[in-house]
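Structures given as structure tokens follow.
You will see chain A twice below: alongside chain B first, and alongside chain C after that.
The block that comes next holds the complex of A and B.
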């Protein structure tokens, strides 16, 4: 679908950038019709990114670092911007950091959304962002050697685990509050969960004044494994395992990135099947989140009912792909299983049942007396904060921004279906929940449309050859928002670089602002409202700064307090 | 509240009796891969395709054997092995109950005999693979002579093949000079 033709989306952005910053642009190249990479001078990188971000309606998708020393003697920095103004497409601002002088001017002071990306580039590649306000590590643990940057090509074997350099936790949590506060740490981890996070709530009585958190406790090093151990065609199965809930979205994003890089035309029927399966995944994911929303407001009967109905979407996935999760249905060039007549009939039947049953449950949830009181006006995400930090998915749509990759940058078979963007104006937990409800019913409709008009023809093409050092973006709208992958092929049937950005990665930085001004008992509810892949916060430690005492409260107790709102564990 | 109660009564019992009753899975469910050593020719196509390296091949030239093995603990049930197998020797069943009491039970093995090279008598490839290819040749070769030549070639190890090729080329008389081919 995304092959090169005469169309060059992004040309107006390029012209505007050249007019605004004369002499900054060194080079430009289109990877596909809608993907433009502009190389700029390193010292003008912040201005170029900020100009495209704020003046041309760009939103930051991901910051990619790349060790290209063997290819051109420098490190590459790629700031991927999703252009959502009049001319929609992806513009990537690229700058080269020469070997030996491994630093670059930080973009974060101008565009706050770059903060996590630049911290990660510093950890993984040892490139120093000059002027970055937040100099803490992001990905690497405190006991990691200071000069070992894992994604440098000459740094380490993927099996190496360096000896810890210390036993102390050196990470400082940031507290911007002006008054005296009490610290409540939530977390950090439960060993069986995939994404443990450590939250510190700075509270005054019951009110959250500020919050900070730390993730990456169980970093799996997937990008390193993909680059070193696996073939480029096997990484689709690894991408399936990025997330236990929206893994298929990653698999599609990865295959798209390689297909775009190599100029592969994926058959229309395969694209339609991918769309159907992506929406199937959204069905079960949104039902899961709606169930959890019930759970966190203390309405456990609703939780049970949503999970019961969710089972139908799992059956749907099992029937169409052969597995309830980790569909493993993608290959570079198409899909591996067709949807036959019998499966089509049963899909339509299950879709009909889901529409009726979920309709009833949603009505029941919204008419339950205490739900409105718990979720309305809670966890406000200010639209301007959202604009500055580029969050994605129902979170940003709940704050009135029309951001949906399926509509803005149609991929897979979304060009074939009729689809709008659901937005909410409340900016709160309720607004995000309602966006998910509306999207659930949209997904049912998309599946029906795609089944109705499935193009005929093959489902897989093998008519392509692997070419070295080609790169491009792949993107999908996962249930939690845009997933974006940047892949570059190597010269050995492997990848040179795979940057995979999950949607929740873009959503964490704004959580801090959403927690401020709410009460402690709302914290788990707010965290759940961004639908983090797995928000496992195992236990709670309460530190009273005034008395310098510490008290540990189990997380279950914290969760109970969120549900019951009686007998505060802080007393 | 009334709606909720109505929903609960309408639903009735939602749980199933598993594990005391068998659990229904869809007919195309991808479960435990079942290997049929009778069909297998030890060609290693599955070994190459397997993304998590659950399927492995180990060659022991002293014993003259090649051991195929699968580790169900590593398997991700993607069915790439089933897809690439030329002889339908591995198929994914709908069995998902893989729990074992000792870790070693997660590994299954099949040992294949190696064929010896016609020229040097060293073991070089699985006997069944050689036989399979020779069988294909018999069915497709244009003439009996050609079939015999190809059969011999398949039954020779790569090193001997190279040596023989060099000897053959050396024995050829080049009537035409390279310039004439321009």
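The block that comes next holds the complex of A and C.
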């Protein structure tokens, strides 16, 4: 499926862009038949991205920065757009930022979805987005030296820990409310997920007027390590470790990206096995989230029951991969383990049991007293906000947008199975939960279909050689939404650049809008309804997390600070 | 003036309740674990927890004041006084001066007041939100409690809890329907007062990190946890004493008291079993929607009053 054929998906988008912005396009190249990279003039970058985004039904997947100074004397900026209109495919808008004048016109004022990507590019590469409204750091901590941009090739060794430049937490939380509010700090450890994320709720009584938050407390420097220390196949296993729940989706996305870049044809049987394992991962991930949804509404009995049943999906994963998590199965070119006849029988049996038991539990959950009242109309994600910020997964599907990578851009073995997109119209927590329930049952059916007609043949091809400086996208639909990887091969058996964007990264920016207008007690539930994955989001650079100094602030002092916004008690 | 025997009964019942309170909460934990299909700890776990907490350091936030400091003493003290006046083993209240319904309600309110105040005094914003919820809940549930008990008092012709209980036990209430309705309303109010799901608003762990308890540690936390389980037991004993006093001892002779004790234990276990089933099969109510629930209680209690007036 990765062979270049005569079909060039994206040609109409290119033609339309050329018509709309006559002199903007400098160059175009197809990496696969569905991936087109268009190089545009730097000063027309915002117009080009905005045109494709709003006029051609593009959704922003990721913004990639790349230090290509050794190759062509400039930094590369890649705005990856998933085209979901008539002609479906990926269009990447590329612009070169010359060395010496490291700035570019920000796209964010035209396309809000770019905000995190541009903040990250500024942190990591020191490229200044001119006109970007949000001047704060995204990834780097407050005590990081101002002129050290970790992903520049000449910046630092991956083992270096620069000395902290200060002791203060200088990050400002933005409060857009017009009235007097009280601050409720949640974090830096999230209270119920017990994961690191620092939230500030600006409340009036119990109502959340505005909210802001900060992530990236657990940077693991994966991209830097992949680029400087690991070989291609080792990164496959590193990609597994991006997430403790949906790591396999990352591993598939990474291998796909390299396979696409090099034009490797992966055997059909390996593709089908990848599909089965991806869906197995979805089974246990969605059961986890359904269980947590029970926990957050105070229905712990449901939580324990969902976890009891979830064990069956873990058993399934263990049987198919040898570990309770679907780890260490991929290689570039295929998979490492076949599914044998006996395992197939056992899988079908477990699938049958899961279908019955989860069906019963879901029915129980929905008929439990008060559950409806807790989730209906809570955490509304307005479809227009969703359109502007390009969130992914059950979150965006719960707001009525038909976005599912498995259907829009079939990868792995998804071309072989029959699959629809589940959408909800409620835009609330209930709607997202119901989308997950429907997807759970779809996954069962996908596994069955893939096991019914698994193509015969080898599970791995090694018939390829690595070529330098080839790049392409790899993508999967993880349980939380689209995972997208942009990989560029290097000349030393290492990646030149690996950009890995986890689905939750795309979902954080809209959370603020979902929290507004709800009550404090709904906040954990709303945060959980995007099924957040903190460590996935925070995968980027080598950072020693600063130990925040403990200080208790008197309630009155906190109130005063909210009113005056001066002399922060936290300083 | 209570006789020596009555005084003895009062003291003994307080001690028994205080000693048994962690056992009751341990029993609830066992029940919850069963409904979760978990093994869970045994029924004595809460004693071990309290013992462990007693040995820990007692830390107070620098921003907290004296209310925060004295609450762990005030709350159990108020509850123990209530325990002296509640007719638990005997039909009459051991100490009539305390066994008045208004006194009891206000002693409960005192405990709640300090509990909420300590949350505000702790300086934590979660505790503050929890405290305001606790007070709101009080405002919602106390009218139901007062109204239903007043109806019972009017029917029995006395505001003394023992007198009301005796009237119920002897079938001397003027109106069976009104008594039944008042009992239902009071049962609902007691359930809310237990602080169990779906009404554990103030301490909602997932929402507010245990609200007013957030900042407590060590022996103070142990005392509060102990008082909270004592309060649960006491609320149930209160309900039994007033509306289900069947089998209570008519005098203070030892065999009668022993029998009453056995009957009381059976009743408490049965009620807590029912509470456990409800608690583990519902989600937490949205705090904003609680008034709708409490209006139902007010409605039933008012209906009981109307029945009393109509003499049905």
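Everything below uses one rule, namely that the second predicted complex is superposed on the first by the 525 of 571 C-alpha atoms of A that agree within 3 Å, B and C clash if a C-alpha of one lies under 4 Å from a C-alpha of the other, contacts with A are read in each partner's own complex, and residues count from 1 in each chain.
Just so we're on the same page, contacts are C-beta pairs under 8 Å (C-beta built on N, C-alpha and C of every residue); 3 or more make two chains touch, one makes a residue touch a chain.
As the structure is a prediction and not an experimental result, all values here were calculated from the model.
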Touching partner for A:489 - first (chain B), second (chain C), both, neither: neither
A:373 touches, of chain B and chain C: first, second, both or neither? second
Which of chain B and chain C A:238 touches, first, second, both or neither: first
Which of chain B and chain C A:182 touches, first, second, both or neither: second
Chain B versus chain C as contact partner of A:524, first or second or both or neither: second
Touching partner for A:326 - first (chain B), second (chain C), both, neither: first
Which of chain B and chain C A:294 touches, first, second, both or neither: second
Touched partner set for A:361, first chain B, second chain C, both or neither: first
Contact breadth on chain A, by residue count: chain C or chain B: C
First (chain B), second (chain C), both or neither touched by A:206: second
Those residues of chain A which chain B touches in one complex and chain C touches in the other: 301-302, 305, 308, 368
Chain A-facing residues of chain C, complex: 32, 35-38, 61-63, 120, 122-126, 128-129, 132, 197-198, 200, 204, 206-209, 280-289
Chain A-facing residues of chain B, complex: 1, 3-4, 7-8, 11, 14, 25-26, 28-30, 51-52, 76-80, 83, 92
Parts of chain A lying in touch with chain C, wherever the complex brings them together: 182-185, 191-192, 205-206, 294-305, 308, 368-371, 373-374, 519-521, 524-525, 552-555, 557-558
For the chain A and chain B complex, residues of the former touching the latter: 230, 234, 237-238, 241, 301-302, 305, 308, 315, 318-319, 322-323, 326, 328, 336-337, 360-361, 363-364, 367-368
